Amino acid sequence: MRFGTGIGIVISVVGIAMGATMEGTNVMVVVNVPAILIVLVGTLGATIAACGLAVHIKLPKLYMKALMPEDLDLVGRVNQLVGFADQARRDGLLALDEAVKSIQDPFTRKGIQLVVDGTDPDLVAAVLDAENEAMRKRHAAGRAPFMQAGALAPTMGIVGTVFGLVNVMNNLNQPSTLGPLIAAAFLATLIGVGSANVVFLPLANRLKELSEAEMHFREMTLEGILAIQAGDNPRVVAEKLMAYVPPAERPSEEEQAAAAAEQKQAA
Amino acid sequence: MRFGTGIGIVISVVGIAMGATMEGTNVMVVVNVPAILIVLVGTLGATIAACGLAVHIKLPKLYMKALMPEDLDLVGRVNQLVGFADQARRDGLLALDEAVKSIQDPFTRKGIQLVVDGTDPDLVAAVLDAENEAMRKRHAAGRAPFMQAGALAPTMGIVGTVFGLVNVMNNLNQPSTLGPLIAAAFLATLIGVGSANVVFLPLANRLKELSEAEMHFREMTLEGILAIQAGDNPRVVAEKLMAYVPPAERPSEEEQAAAAAEQKQAA
Amino acid sequence: MRFGTGIGIVISVVGIAMGATMEGTNVMVVVNVPAILIVLVGTLGATIAACGLAVHIKLPKLYMKALMPEDLDLVGRVNQLVGFADQARRDGLLALDEAVKSIQDPFTRKGIQLVVDGTDPDLVAAVLDAENEAMRKRHAAGRAPFMQAGALAPTMGIVGTVFGLVNVMNNLNQPSTLGPLIAAAFLATLIGVGSANVVFLPLANRLKELSEAEMHFREMTLEGILAIQAGDNPRVVAEKLMAYVPPAERPSEEEQAAAAAEQKQAA
Amino acid sequence: MRFGTGIGIVISVVGIAMGATMEGTNVMVVVNVPAILIVLVGTLGATIAACGLAVHIKLPKLYMKALMPEDLDLVGRVNQLVGFADQARRDGLLALDEAVKSIQDPFTRKGIQLVVDGTDPDLVAAVLDAENEAMRKRHAAGRAPFMQAGALAPTMGIVGTVFGLVNVMNNLNQPSTLGPLIAAAFLATLIGVGSANVVFLPLANRLKELSEAEMHFREMTLEGILAIQAGDNPRVVAEKLMAYVPPAERPSEEEQAAAAAEQKQAA
Amino acid sequence: MRFGTGIGIVISVVGIAMGATMEGTNVMVVVNVPAILIVLVGTLGATIAACGLAVHIKLPKLYMKALMPEDLDLVGRVNQLVGFADQARRDGLLALDEAVKSIQDPFTRKGIQLVVDGTDPDLVAAVLDAENEAMRKRHAAGRAPFMQAGALAPTMGIVGTVFGLVNVMNNLNQPSTLGPLIAAAFLATLIGVGSANVVFLPLANRLKELSEAEMHFREMTLEGILAIQAGDNPRVVAEKLMAYVPPAERPSEEEQAAAAAEQKQAA
């Protein structure tokens, strides 16, 4: 799953290039500097105008994130939280103070820290909800340039093609140059539609799905933290949280028992 | 209803093929390898980039599911739940412990098990709601590649056609080859629009409707389980649940009485 | 209002046919069997694939419903409910038992029956809400094929036209046949766009509006039934329910008094 | 602001006509009876089919309303309501009985009347909310034909153009007539796109904005009426209601004091 | 970030112009008065018709706002509010009376003033919420002409192009003029699509993002004001409000301590 996006783009480009080559087109014609300037620079400028300059500086990072997302280990997180619930139940919430420092994930750490500090449960929920909502907004802002580019690139392609056709029409008296000129005009549409469909729109969708997966992960974590604070029975916590895990990934009952035992050992 | 999707695709393909043949076109021209490479491989790559690789491995299963959905027997489920309500009312909730093992549907079994275990009603609702929400998200993720393909294939068709036209324009000096070249260029649009309209978009919609039907089925089941836990009168449970059944499928009052009697017998 | 949809389609078809005839086109050219096969059979198959076979069997009934909707008599329903409220206030809720049998509308009858049976108000609301929600879903499923057809027919038209153009391009060496072949190719677009705009999309919208009107009617009825059960003053019930009636259709105060008196007489 | 819509349409038509004339086109060519029949009569029929006949009878009134909306005097309404709050505070709610008759706006009058009648606050809110919701639905139904026409007219234009092109293709053997025939075919697209963009869509949007402005006006009024019934301090009522007024239109503090004094005088 | 929109538009225009020039087109051809009249004046008229005249008078101000937005200093606002919370905790809410006059931001000042006046917390929230909602509506109304223009300009371009082609078709007998006439016709599409993509749509999106950022800023402020009124511990207030700040902009703990100390000094 992790390299899906890169693989997908490669498959798409190879498929299109092979098809075009078989048709007899030299695929390198798409490396047409005027068309690229009009479509890609024109689109980049428009997305900067639409979404601001700051978010564009982070684009390379977002490209990397879409191509190589970090794995979200739902079952591992469930086991970790059930382990905390168990420890809290046995030794009290303060016993988690030791564990806090060893938590890698900043969101979980912040939540458990708030619980250990004796913060009011409503405030814990409010602070963590606000963190999630802020992350959701950041993600939406981050993928906005991709969505804008996906919508704008094809029409920038039309701008380029129409510009080319205007040129063609003003050169009707030189019939021998018409074919290549029209071909060049079409390249702008090709670049616009192609870049939108093969790169911008898929990446925008991918980033959206990754954001939703992370929100899901955090909602599960938040539910677990609140259950720990409420002093829920570890079995109940596990029941609640496992509902967030796709059935296919859920451990069998024996595995679960083993994991619980191991967690208890570690605690 | 069960084979509707397969039948529909066959009707659509036959209608288009017959029409095209009557017009004098050889329909086998659509088996154009370059166009298929550009459009279908290009689209597949883009949907992998958009939705990740994992979901594409399940695609054949989803195709089968859309073509041959399992039947959802609303009335049977109502009768089953009313039977449980009746038994619980007579012999107490614990009496359902025996029945749990014989429940086929995992969702119903999990719910009744939670009830038998004496879980707090709010927690039962929360756990089952989370199951439903997770199923809804899984379904949405499952049909996402179909929706993406439905949106991307026509524009991939345009990419193929424009590539073809670029080729045409660079060969204007050989007029005799122009017609077939343009025809071949058009095939990409044909394949893109056709596959989107006849396969991808209908399947995406079909999967959405099947998902909604299953959600409806489960919401009814959840309501029934909570009513059983609350100790509702079986007649009230039947009244509540029958509202989820389309009037045309509701049994007449005599049938209902007979079913209730039979259920009681079985219990 | 009742025959609006049929009249509208006739006006649209006549307008288009007259305009085309004045332009010099023989409008009978649209009866082009290949184009009709591609577009209409292709679309029918795709909507069957998208929405299932079952709903298509009910389509003729839905066409009739859109063309000749039943009248929803808001004021009559208000008077009926106020009459019940009056009777219930004077003689108790059980006094409505007699009236129940004479209620024509199944939804109102079910609601009043539940009230007479002494059902808990929350349960009455829940059961009737579930009925309404189920009706809303049935209506949405019923109009789905029209919406799908409205979206698919124009692109099926493009499929037909491109098929035709492929044929044209392969016959470029017979210039005398080109004109009629291109004309025939265009007919598919004409049929696709025309059927979507004149029939499918308007009917889909009409069915949506009829569904909303019926939901509005039922919401008013539900509010009235709950007010009767709560023992509200008939004047208050009338006040509440009249807000659902468009001002232009509301009876003047004298009419209202007369209607109330008459209702009282009848009760 | 009041004549904005009419002025806008005139500006748009004049701009287009001047541009076309400068290009050398005789703008009167758009008065092409066949194209108008196909596009405008075809669209009218389709909107009747989509939205019913009844709403079309009110269309001239809606055109006038969009062109000459009534002014909504937010500040005047605030002052009126604060005046009532003041009077109610000093002399009791019954003292407003006198004032009710002099209220011009039916919504405000109905609300204050309900308050004077000693209706339960929840019922006052419910009745007035239902009025607002019903108005919102009426407005939505009223602008539906404009939205439908905006969506349908361009495609009806395509129907007209394709009909014309079919005609052209069947007359390819008379080259001298081709130019004018193609020009005539294009006129249908021109009329369809032009009428949608210059008339139907702007009017639909205008009616939507006017509806929202009236909803805003009524929500403020409802809040004011409930505050009067709750016996709120007039200063608090003014504070609450002024938040609904755009800062630029809010009176300065002196003006507000003067208005309050005047109102008190009048009361 | 502040000059992003202007920079973006410049990049886009330069990219398109360079590309077109390299293709051999003289980019000054777009300064075609008839096409500009049709597209830009036609669009302006239609947006006036759609959105009213009043909002168009403020357009230059909105252009400036989109090009040079004011900076929203989230961390500064957090520190200010935490400072107030600290002061209120030490010296009581009335002690803030002095500070109110020195608050620059009208929204914060109004909120703190209400708190100092001893207004009921629910009323404080209601008044400030109403302010925010009204601002949101004003912003939406302000960007509506940009969104309308973005949707209308390309189709106005088609109107212009079709007008030009009608002209072309009526001059088929003068072949030498055809090329330039067609080129001129295409310019309308170019201007319509270009202005929509490079100016109107990006500005509409930019204004939407700026509006959301300001709403976010105000929601944080509102939460802070309510926390101050509730007498929350300054550390809790900081915790709550920092969740609104993107992690990257959050001060490290030492910075935060320093800021708190400084604020205390100043108070």
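We call the chains A, B, C, D and E, going by the order they appear; numbering starts again at 1 in every chain.
Just so we're on the same page, a residue touches a chain if its C-beta (ideal position, glycine included) is under 8 Å from a C-beta of that chain, and two chains touch if they have at least 3 such contacts.
Since this is a predicted model, take the numbers as computed values, not measurements.
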Minimal step count in the chain contact network, chain B to chain E: 2
Chain centre separation (chain B, chain D; CA means) in Å: 41
Mean-CA-position distance for chain B and chain A (Å): 25
Junction residues of chain C, two or more chains touched: none
Arrangement of touching chains [line / ring / star / complete / other]: ring
Chain C - residues contacting chain B, complex: 33-54, 114, 119, 123, 126-128, 130-131, 134, 137-138, 141, 144, 148, 152, 155-156, 158-160, 162-167, 169-173, 184-185
Chain C to chain D touching residues, read off their complex: 1, 3-16, 18-20, 22-25, 29, 154, 178-180, 182-183, 186-187, 189-190, 193-194, 196-199, 201-203, 205-206, 209, 212, 216, 236, 239-240, 243-246
